[in-house]
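You will see two complexes here that share chain A, one where it goes with chain B and one where it goes with chain C.
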Partner chain A sequence: MQKQISVWQFVLLLYICRIFSTMTYAPAMGVGSGGVSVLISWVLSLGIGILVLLPALWLHSMSGDKNVVMLSLSVWRRLGVGIALCYFVYTMMTAVSTFAHFEFFMTNAIFPQSSTLFFIITMWIAAVYASSMGLEAIARTGAVVFAAFLVSFGFIVFASLGQVDLVELKLPLDNIWKEVGASAYEAFSRNAEFVVVLLLLPHIKGNLKKGVLAFLCMLVVTSEIIAFLILTVLGDYSATQTLPYYTLSSAAEFSIFQRLDALHMTVWVAIALVKIALYLFLSVECLQMLFPEKHKKAVSVGCCLLLFVLVLPFCYSRTAFDGLFRAFSSGIPSILLVIVFPLLIGAAMKIKKGRAEHETTKHTSVGAASAADLRN
Partner chain B sequence: MYHYFKNKMSAAFGANAEEPPEEAETAKKLSDNLLDNMVTLREKCRNTSDFMAREVTFASIPMSMMAMEGLISLATLSKMILPPLSEAANRGVKTPQEMYDYIRTQTVIGMDVNDVYTTDEIFTFLMSGFAVILIDGMDKGVAIGVQGFSFRSVSEPSNEVNVRGSREGFTEPIRINLSMVRRRIKSPKLKFELFQLGSESRTDVCMVYMTDIVDPKLLRDIRRKLKQIKLDVVLESGYIQPFLEGKPLSLFSDVGTTERPDTLCAKINEGRIAVLVDGTPFALIVPYLFSENFQSLDDYCHRPYYTTFIRILKYVSFFFTILLPGVYVGVGTFHPELFPHALLYNIASAEETTPLPLVLEALLIHFIYEVMREAGLRLPRPIGHAVSIVGALVIGDAAVTAGLIGAPMVMVVALTAISSFVVPSIYEPVAILRFAFIILGGTTGLYGITLGLTLVLFNMTRLNNFGVPYTAPISPFSLRAQRDVFYRAGWKKLGKRSAKIQHLSGVDIHENLDQ
Partner chain C sequence: MKRPNTLRLALLLLLIFGTSTLCGCLKSVELNERAIVQAIGIDYDEKEDSFQVSLQIYSPDGSGGQSLVEGSLQNAKIIESQGKTMTEAVQNATLKQGKTIFYGHNRVVIVGESAARSGLKRIVSFFNSNNQARLTTGMLVAKGSASEILKTRINQGILPAEALEKMLDNSRENGKISEVSYLDIVKALENQTDDVVIPAIAINPEKEQSGSGEEQQGGPAGGGEQGETEQVQSIEMSGTAVFRDGKLAGYLDEEETRGLMWLRGDVNKTVMVASTDRIRSFSVEVYKVKTDLACRTVQAPYTFELRSHLSAAIRDVELMDDSVILNENDYQAMEQMLCRIVEQECNKAVSKAVYEYGADVAHFGNLIWQKDAAAWKRNRSRFSDQLSQVTVNSIVTANIDRIGLETREQGKE
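So, the complex of A and B:
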């Protein structure tokens, strides 16, 4: 498989996708709502992230030119199809979830009077076009959007610093470690980008270990800053807000600009587009591996249409949206796709390789014995 | 019955039925009979008033001299070719073969002397300003370069005006342009690869490159693409530009153009390939990057700090010109809370008196501006000035006084228009994007503008012609290459490292065989 993106483009792409979820951090929604416990848990999630990605790195060291789906298909044909479908469903549902989040933000925070369908249609068309441009274009655009995010983030942080009130940082009186643990687990379970690492492995040029570490460190630092500002600037008010980071940007005033929410909105739209395009691209790629070459275009078209169909119920029904959120937060999909499947595939590959070596040795010894017999 | 069909056929094909089937016979081989050859050639050149042929006899050998009127220098012909031919008898020339050898090897009657074997070759040389000599008894002729047609002299390029640097710009004849390049790079590694394009026009096209710098794969790919072009006529480099552009469809072109020989030399020295086309002063440059639209030769003559300032100015102007009207309309319509109160009050009071919504006002005024720009461009200069005066009245105080548009909109249009001239090489995409963003801003606010801008970005980053990303070195990012993107390092630093295009990060030149 052709190496298409450098490890730094990959890191920025992962970061941009992950930051979309981080910006939706709301103290009221998660289990770990205890302020300081969230800050501690995100540092802890760095270690968890490294541990969780070990199976991916192990697989990469065994076969660097194939991703997890290709490996599963090469190890077991039928079970491999099932595993490929699991990855397809996960990436497709992540795209749907991002879409639903984006739509929720737009119709609740920015344009409350606007039609949901308008945002669905416009974003869907844009995402289909963007994903059709391929991984290189998604990664390169991701890098530019990253720069835009840094600028907007810098403005918002700079404008909010004056309103920081450290009194708002409250330490939970009991069960602190339970809260920290729950929060760290939630951070892991909502990190769909671990799956992206497994799927994009063969496309990346450069030192993957360094890249993964850089991604996790950047993520922890940004998450800490966002959580710190939300907790200390908004205080208890943040618990009443659905999108506290947006509220924070609305309160921030910089120079002649009355507020920075429009800046946040523009960056959010760009990030959402990049993330949806990436997950749509990955879901198409997962499914294309199961079909012959001649059906590839039909698979792409089918996936794009499926995204549109799936998005509708999750955007219109709050229950379905919450259900999807809970399914991701349970952590079961992440455990299966990031830990269990890679470990199983890796183990199967080791066994297969061992058997093949054993067979070769057997044949060689049988051949040597026959040659010795012939000589005698 | 036979006569009936004959008449019908004649009627169907008309006068053309009697015309010689030119295509089939143009490549006819010359015979050793001069009369036969001349009959064939004269037949082909029937109704061609600029064809000149003269039968002469030197050293008792019948010969024929041909040329196209207006394409040759009669003075050169009479000074360089006729005197040695008159001397032929004195030099012991007796047979046609001796005459041929005498012309080819024993006299200096021109630097560019070629053998011709077919009528097709004769026409090609004649149309290129050669004189052709046919000798009775020889089944081949001699073509001698005596070009002498009139052309526009070398002058300052109108589209790439510089404060410092050379005042020379390319002109129409390709040979003059090649000489201007050669004068600047006196290296044997500089190659001019000449061939013809256009089945009818047979236009000379020349690939210019440095053998030791250009990537061989890139060279092969461009050569193949050029030779695959199937066009009847090639009158300008713009005819072949689309054949060199990559996929997908984009408003931006990954093939650059220049009128300046010094710019062309700088580009080929970075491993690019230039394509010169006879009859146009615009040379093509491939591959071409987005950031190169913001560079000019002046940048390398000024002090680095000033160049950096100009570069930033250009980038800001680019974003101003495509986004300002759209953002103004979008914010004014959907997000007025972003404006400071005082400004918002001024805008609101100005718009209160106008009958049109902000988006229509912006579209109308930009449409009028584009009409006047186009009119000013095409009209003769004296009338063009009149258009400017009328324009100043239409998009100006009169329009505001009439209550058609608000005063802030005039400011926006003026700023946008002036900014667009800062980077003239990408005016085409800029003009279209500006309209697109006005419509997006007016209908969907900042959301639509962001979505549109991100999609344009996707499109631009997808352009990867010949394996060179159009958006390099911005994305894929290369820190080292930034020394000549947003800022310019001094020559001491610029000269230290290679500026070859194949050394940029993200560049993976490969032959594209699917096109």
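So, the complex of A and C:
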């Protein structure tokens, strides 16, 4: 497979996609909770991230030109198809979830009087177009959006510093390590980008290990800053907010700008577009591997239509939206797709390779014996 | 010549069509069709269990000649409406005039005494769900009716709300009141232990003379004919309203308010006036304050320690005897006097707000939680009843390090 993006483009793309989830992050505050555990959990999530990505790096070292779906299909036939479908469903549902979050934000926080369908249609058209342009285009857009995010983030941080109140930082009343563990697990379960690493492996040029470490460090630093500001500026009020980072941006006043939520909204829309486009691209790629070359266009069109159809119930039904969020937050999909499947595939590849080597040795020794017999 | 691609042409036309027709997510509202809310007053009618909302709307009162906005006029009108809930009251206000109400530029929310006593939670619920509401909007409690405060004629600035906002800013800068925004209110209401404090505002009973006799828009307090001097009421900051469990418990006077501000670390700058044995009176401007309130005992009786350091500059001094000059002992006496004033003000604030009203106005509960989460877990359910066992020990130091340019030489007048 052709290597299309550099490792730094890859890092920025992952970061931008992950930041979307961080911006919707609501620290578990309220009765019995304390903010300090949230801050500790982000540091812990760095270690978890490194551990979780070890199987991906292991697969990459064994076969750098294939992603997890290709490897599963090369190792098993029917099970490989099942695994490919799992990755397809996960990436498609992540795109749907991002879409639903975007729509929720626009119709609840920004334009409460606007039509839901308006946002669905416009974003769908943009995402389908961006996805059809391919990974290279998405990655380039990601880099531009990253720059815009940095500017808006810098503004919001700078403007919020004056409102920081350290009295809001408290230890949890119950077992601190239990809360830290729960928060770290949540951070892991919401990190769909670990799956992206597994799927984009063959597309990346450069040192993947360095890239992954850079991504995790950037993520932890940003998340710590966001969590700290949410906790100290909004205090317990953040627990009542669906989108605390947005609330923070609307409380941030900077010079002549009376509130910075418009800036946040602009960047948010761009980030949502990049994330939906990337996950749509990946879901299309996962499914295309199961079909012959001549059906690839049909698969692509089918996936785009499927995205539109799936988005509708999640945008209109709160129960469906909450259910999808709970499914992702359970962490089971992430454990299966990021840890279990890659380890199984890696182990199967090792066994297969061992058998092949054994067969080769056997054939070589049999051949050598026959040649010796013939000489004799 | 290369023929243009039909598909590209179609796309281009679609783009042009799209940019000209899909230029926004909402129906556009012209500026003259918007009612820009500058201040909101909220009163509560206990008998009818309904809210009365007064919206001060920007309405330029220019002559129509050279300028649309005339600084000498009110440039605002008041819309009043009632409803069982805040939302219904505001909805009814919309029906009273043909404009779309816009809250994005609201400068201040004034909660009337009746509404404050009925509880803040019903009020903040409305603002929480309103996406135009700004978290940084200033909050005030009116001693009396909020509507009356909004109707009072203020002869400063172009907009009454702007003048009100500036009055708030000036009072904050001079250490008269704390800066309390809507965000501070909702934070305290959501907090398990903190109670709300909001600066209070009242109508000055003494009337002032006004040179302009333009009829006041929307308010009953106006009157008089153009060019005549009229009697108008003025408004003034009047201490701090203290809430317990979101309901108004009482007020702090000016001294108690500053005491509370010392405790909360809200004083940045203030003027203090005092006297010593050798100085009839002196004024200093405290230009820098470092304050730290820490919990020392996490079990009842709770002890807190306020460490405060003031840096001050002498503004004016009136000596008992003009022949003496200020010496080091005088400076020390002045510094000691400043420390004593801060301690007294803190004690007054604690005895009124904490002992009398039973309100945790200085984050006492949070400080205990920060120091010892286990102790807080054990005591939190009965902490509000144990507030009378809170003691604050003040350790105040002051340094008058800017003595001014005036010098007094012995034997010289």
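We take it that the second predicted complex is superposed on the first by the 370 of 376 C-alpha atoms of A that agree within 3 Å, B and C clash if a C-alpha of one lies under 4 Å from a C-alpha of the other, contacts with A are read in each partner's own complex, and residues count from 1 in each chain.
Quick note on the criterion: contacts are C-beta pairs under 8 Å (C-beta built on N, C-alpha and C of every residue); 3 or more make two chains touch, one makes a residue touch a chain.
Since the structure is predicted, the reported quantities are computational estimates derived from the model, not experimental observations.
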item: Contacts of A:170 with chain B and chain C, given as first, second, both or neither; value: second
item: Contacts of A:110 with chain B and chain C, given as first, second, both or neither; value: both
item: First, second, both or neither for A:140, with chain B first and chain C second; value: first
item: Partner chain(s) touched by A:253 [first = chain B, second = chain C, both, neither]; value: second
item: Touching partner for A:237 - first (chain B), second (chain C), both, neither; value: second
item: A:6 touches, of chain B and chain C: first, second, both or neither?; value: first
item: Partner chain in contact with A:323 - chain B first, chain C second, else both or neither; value: neither
item: Contacts on chain A seen with chain B and repeated with chain C across the two complexes; value: 106, 110-111, 119, 122, 258-259
item: Chain A residues touching chain B - in the complex, by the definition given at the top; value: 6, 8-9, 106, 110-111, 119, 122-123, 126, 129-130, 133-134, 136-138, 140-141, 143-145, 256-259, 262, 265-266, 269-270, 273-274, 277
item: Residue ranges of chain C touching chain A (in the complex, touch as defined); value: 22, 25-26, 128, 131, 134-136, 183, 186-187, 190-192, 363, 366-367, 369-370, 373-374, 376-377, 380
item: Interface residues, chain B side, partner chain A - complex; value: 248, 331, 334-335, 337-341, 343, 444-451, 453-455, 457-459, 461-462, 464, 469, 471, 474-477, 505-506
item: Footprint of chain C on chain A - complex, ascending; value: 31-32, 34, 106, 108-114, 118-119, 122, 163, 167-174, 234-237, 239-240, 247, 250-251, 253, 258-259
